[in-house]
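Several structures are given next for inspection.
You will see subunit A twice below: alongside subunit B first, and alongside subunit C after that.
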Partner chain A sequence: MTTNTLRTKRRKSALRTAAFMSPWLIGFAVFFAYPLISTLYFSFTKYDGFGAPVFNGFDNWKYVFENYPNFWPAMRNTLWLVVVMVFCRVVFGLGIGLLITKIKTGTGIFRTLFYLPYLAPPVAATLGFVFLLNPGTGPVNAILGDLGLPTPDWFTDPAFSKPALTILAVWGIGDLMVIFMAALLDVPKEQYEAAELDGASAWQRFRFVTLPNISPIVMFAVVTGVIQAMQYYTQPLVAGKVASGIIGNSGQQVEPGFPDKSTLTLPQLVYNLGFQRFDYGSAAVAALVLFVLAMAFTALLMRRRGGLLQAGD
Partner chain B sequence: MRRNRRLTAAAVAVAAISVVATACTGSAENVSKDDPNANTTINFWHGWAQPNEVKAINENVARFEKAHPNIKVNVVGNINDDKLNQALRSGGSKGPDVVSSFTTSNIGKFCSSGAFADLKPFIEKSKLDLEKTFPKVMLDYTQFEGKRCALPLLADAYGLYYNKDAFAKAGIKEAPKTYSELLKAAKALTKTKGDGFEQLGFMPAFHGYETTTEHYLGSWGPQYFDASGKSQVAKDPAFADMFTTQKKLVDELGGLQKLEKFRNTFGDEFGAKHPFHTGQVAMQLDGEWRLGMAKDAKVPFGIGVAPMPVPDDKVADYGKGYLSGTVMGIAPQSKKQNAAWELVKFMTTDTKAVVEFSNAIHNVPSTFEALKSPELKIEPEFKTFIDIAQNPKSNTAAGAVNGATYLNTIQDFGYQYEKGTEKDLKAGLEKLAQQIDTDIAKAK
Partner chain C sequence: MSTTTLERPLNTDAPTPAHRTARRKAALHWIGVHSLGIAAALFFLLPFVFLFLTSLMSDAQALTSDLVPRTWEWGNYVKVFETPGFLTWWKNSLLYAGLGTVLTVLSSIPVAYALAKFRFRGRNLSLLLVISMMMLPQQVIIIPMYLFWSKQLDLTGTLWPLIIPLAFGDAFSIFLLRQFLLTIPNEYLDAAKVDGCGEFRTLIRIVLPMAKPGIAAIALFQFFALWNDYFGPQIYASDNPAAWTLSYGLESFKGAHQTNWNLTMAATVLVMAPVILVFFFAQKAFVEGVTLTGVKG
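Moving on to the complex of A and B:
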């Protein structure tokens, strides 16, 4: 076979591969690469949606990091949610999954009961929680008060607004419960039997049998949880607006974050800067910060050593 | 060589993306040459959402279509400023031709960015004498730095509502005229119940619906910016005085925590269970629309209306108030701007249209002719708002290139100050002024 024929064959093969990959390549280029490059480009321009973008160097970056008073509170809140909310969701999801795989009767009923809240629309669920946790008229504080327990102001107290959002997120752990249940049922029974014969306690069986077997699923839950927490928008916005009493009639522009910017998250900044202030350049900066943070967290969690992935996964 | 080619390809790609991104942007400089006498259909976007308001605006549009049979109007309601701004940037044949907004403080952004078209050529063509048609404050809040991009469509005047029965029970003879009198009356009207309230005299907190920094400041009429556009919040003593006065009201009526807890028991601001309707609060800072809403809710007490109190050292100014209103303009992307102008002109200047719309939605008329029209249904309480609207010392917030953003920044400061997080008022106001100036410089 001549060199030319070989080259032609290779080229054809490469073209065929490219043709088969083209749907993904087009999707990647249109929905990821182009928006990412555009966002980077806009972050160095002054642009309000009219006229052409004008290059303004690092003005937007300087403004967002140094002069935009909402940036650092939103950053702190987002990191709080990434750490606390994701941890609580994974722990409770796994815990409920474990409980349901252990019980003998009524599994279907409990599975349905724990899964149902996940199906509730975020706005309706948030409205329901703001009502339940209303410090003036809500049933939760009425019960806590009757029991002689402290009655927090929940969504109207900056110290309790994020814990209240975490309770809401934990209430809707149906998705994680189902994933963990599938993983738990997949752990080989022989390994538990061997561990029991060796005299392993329940905790040791969980630590040395269950956890290593389901670690890829735990990692999946944590990584997707971190990304969801980074994109957390609807619930804090609705809770903040409703609890503040300013729902925003047709003409009002309501700055998010009530109370005391404690429910402000980075996606809300992207909306506020981009679609309320129409400062697309600064909004692009906030979006890029989100992107870098999500990448950094994912890379950290997926490290072979010190991350959630085991060496053999 | 190959590396150079790759670099060139990358540069071309980036340039192409930039060109595409630029091409996707809207242009604010379109000038329409449509014939207003030709058969056409225009899109009108507005923010009204309550059934009676929607009915009223549809009736107004029907009157226009009867007067201009060649122009059909597609009406789209419940549009807030966020949606409006996005649509104005997107353009397209289904986008709005005629637009309106309730947020007068956004006029600076609408005019300076070109989101609303310049109305000067249309006004000149129609030989409209604005000074003889509209009150001055309304003319001020529909232009920015000399560029007129909107006209007023009805106005909102803010005053003090009070429960006449509660006043009689507390032995209060007349509405308070100063903030000291307001505090005294509020205390007399307040009835505690456990660690909360059975009736609160006045809800002073900045989250108490219309008791915002902007509306309180109507009693002071401060200078928001100097001639060079710098914020005056740290220099004009009116701001410090307002914050001190409001904090005193909050502290002496039970403290913010207790007030906030009580506020959480309130019904929706635009629903029948508003705290003034239910008797939870005896006095309320609110707009003229509350009168109609309270009457529709069939409140079991007499409703009193008065101008908002003024600072103790400015009793002579009593009678003035905060004004705002709906602004109406034309989308710069519209290809039917001449037809759109016909609707804007009709709705904002036709006396019968303004009066009937005002009667239907209980707003203050926005033209001199409508204000003195015999067809205007003026209930005795409503007369107070008409007087506030015509008071030469009534005022509104200044326009800014970043719209209502600077007002939100002042409001955010107010939340910190009423709570006690911001303790040093002078230093806080200086920092606030810097922040406002920085945000405006960024938007320019």
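Moving on to the complex of A and C:
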């Protein structure tokens, strides 16, 4: 083969690759690279959507970190969700995954029932839970009251609004159940048999056989859970709005995070600053904080699971 | 029967005391596991049951803590459909989720194929960027995007700013489908090429038929994600109720029917129903897709 035909061939294959990749190449430039750079630029300007953006140095950054009253409450709430909600979801998801591998009768029905809430559209599920946990007449407090148990005010009490959201998140555990179920079924049977011969108790078998085998999946569940918790938007926003009784139509100023900023999360700050206060510069700062956190955990996830980048041929 | 025992002295089915305890233990274990299973099933199922029962109560009863309707008001569902806007939102959701899914699948297939089966410089970098896009919270880039759609193209107040970008690939769908395509052995592709198929024909004739489960999974995931999307319609369509989707309109439904929990719950059931119906018809593809996202890395 002459160098000339080789060169033509190579050029042809480069063209072919570009053709197949072209939808994404355009998407990447227009819907990722450009807006990211633009957001960085806006974060150093004063801009309300009218006129032109005016450079103002680090003013927006200072404002968001030092004077914006919603920033630190949102950071604290996000941290709470990262610690408590992710922990509850992983432990409960693992428990349900274990349970489903032990169920021998009606497995299919149980699995479908356990999975179903994961599919409930978030707005509908949140609205449903605000009703179920409605302090006065909701069925949950009605039952708790009949049993003589305490009846918290759930979504209207700052101390219970995040636990109520956690119950909602734990209800939708189906994704984790499926992932854990697959991992648990992959644990080699011989290891359990060997452990049983050695007289290991059920707990010891779990601790020394199951856990070491599934620990990469647990890690995966934790890191993706953290990423999801940082993006947590629809449920806390809808819960806060519906529980407060103020459903803002367009343009109506609603203080976010009802009750008492307890359901305020990081992504809501971008909406609050940009689309309620029309301070695009400060909204860009909040967006970049979210970006840095999301990418840091994504990097952690990819370092842990190099498999995502395995060779493709 | 004692003679049988003599003939077969090693009969392990004989109910020795040790066996009886083992069998009793197994039975107790079965009962324990399935009781826990039923308890968990109640936790997952009861919220749906309570929502559904409340949706059938009269206006007055829905304000009490009763659990079961005294009269079954099926007319509540008619009232929801008669609410101004509800049918429009339904139509908008179908358009957004339906057209959006078709565009996602069409634009993501060639990209996923290239990332899975072509060798080219920058492939790993591209994959890394796809994963970064997949993990990017929508809120991060929303300000320039909103300004782009409102100031340059004047398309706010419609769902097009949400639909058009899907014609340029969706990172999650690309990633998921690429993972699936990796499982197709290269021998099939090589054989097609020996037979004189170009890359495009190989993709259409050989790869797509084998990739049906993967394509079904990304289509389902995308349909559900778009059906459930709240943030997108909130940003681009909130000014124009005629462009609202069900997920976005549902919240305002509660606003308009402050005290009518029964009607709000009927609307909630109507938003959940299509998703759950689709799931029952496509359960296998769905569960397969969830497994693909994480375990098979």
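Rule of thumb we're sticking to: the second predicted complex is superposed on the first by the 254 of 313 C-alpha atoms of A that agree within 3 Å, B and C clash if a C-alpha of one lies under 4 Å from a C-alpha of the other, contacts with A are read in each partner's own complex, and residues count from 1 in each chain.
Just so it is clear, a residue touches a chain if its C-beta (ideal position, glycine included) is under 8 Å from a C-beta of that chain, and two chains touch if they have at least 3 such contacts.
Since the structure is predicted, the reported quantities are computational estimates derived from the model, not experimental observations.
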item	value
Partner chain in contact with A:Y63 - subunit B first, subunit C second, else both or neither	first
Which superposed partner A:Q191 touches (first subunit B, second subunit C, both, neither)	neither
Contacts of A:P135 with subunit B and subunit C, given as first, second, both or neither	first
Comparing the two partners subunit B and subunit C, which touches a greater set of residues in subunit A	C
Subunit B versus subunit C as contact partner of A:D48, first or second or both or neither	first
Which of subunit B and subunit C A:S215 touches, first, second, both or neither	neither
Touching partner for A:A14 - first (subunit B), second (subunit C), both, neither	second
Partner chain(s) touched by A:Y233 [first = subunit B, second = subunit C, both, neither]	second
Common ground on subunit A, meaning residues reached by subunit C in one complex and by subunit B in the other	34, 38, 42, 49, 134, 136-137, 245, 247, 249-251, 275
Footprint of subunit A on subunit B - complex, ascending	14, 17-18, 21-22, 25-28, 47-49, 78-82, 85-86, 89, 101-103, 106, 109, 113-115, 196, 207-209, 257, 260-266, 268-270, 326, 402-405, 408-409, 411-412, 415-416, 419, 421, 435, 438-439, 442-443
Residues of subunit A defined as touching subunit B within the complex	34, 37-38, 41-42, 47-53, 59, 63, 67, 69, 134-137, 153, 156, 243-253, 255, 258-260, 275-279, 282
Interface residues, subunit A side, partner subunit C - complex	13-14, 16-17, 19-24, 26-28, 30-32, 34-36, 38-39, 42, 49, 96, 99-100, 102-105, 110, 112-117, 119-125, 127-129, 131-132, 134, 136-139, 141-142, 171, 174-175, 178-179, 182-183, 217, 220-221, 224, 227, 230-231, 233-234, 237-238, 241-242, 245, 247, 249-251, 267, 270-271, 274-275, 280, 283-284, 287-288, 290-291, 294-295, 297-298, 301-302, 305, 307-310, 312-313
Complex interface listing, subunit C residues touching subunit A	30, 33-34, 36-37, 40-41, 43-45, 47-48, 50-51, 54, 63-65, 67, 107-108, 110-111, 113-120, 123-124, 126-133, 135-148, 165, 167-169, 174, 178, 182, 186, 199, 224, 227-228, 230-231, 234-235, 238-239, 246-248, 250-252, 254-255, 258, 261, 264-265, 268, 271-272, 275-276, 279, 283, 287, 290-291, 293-295, 297
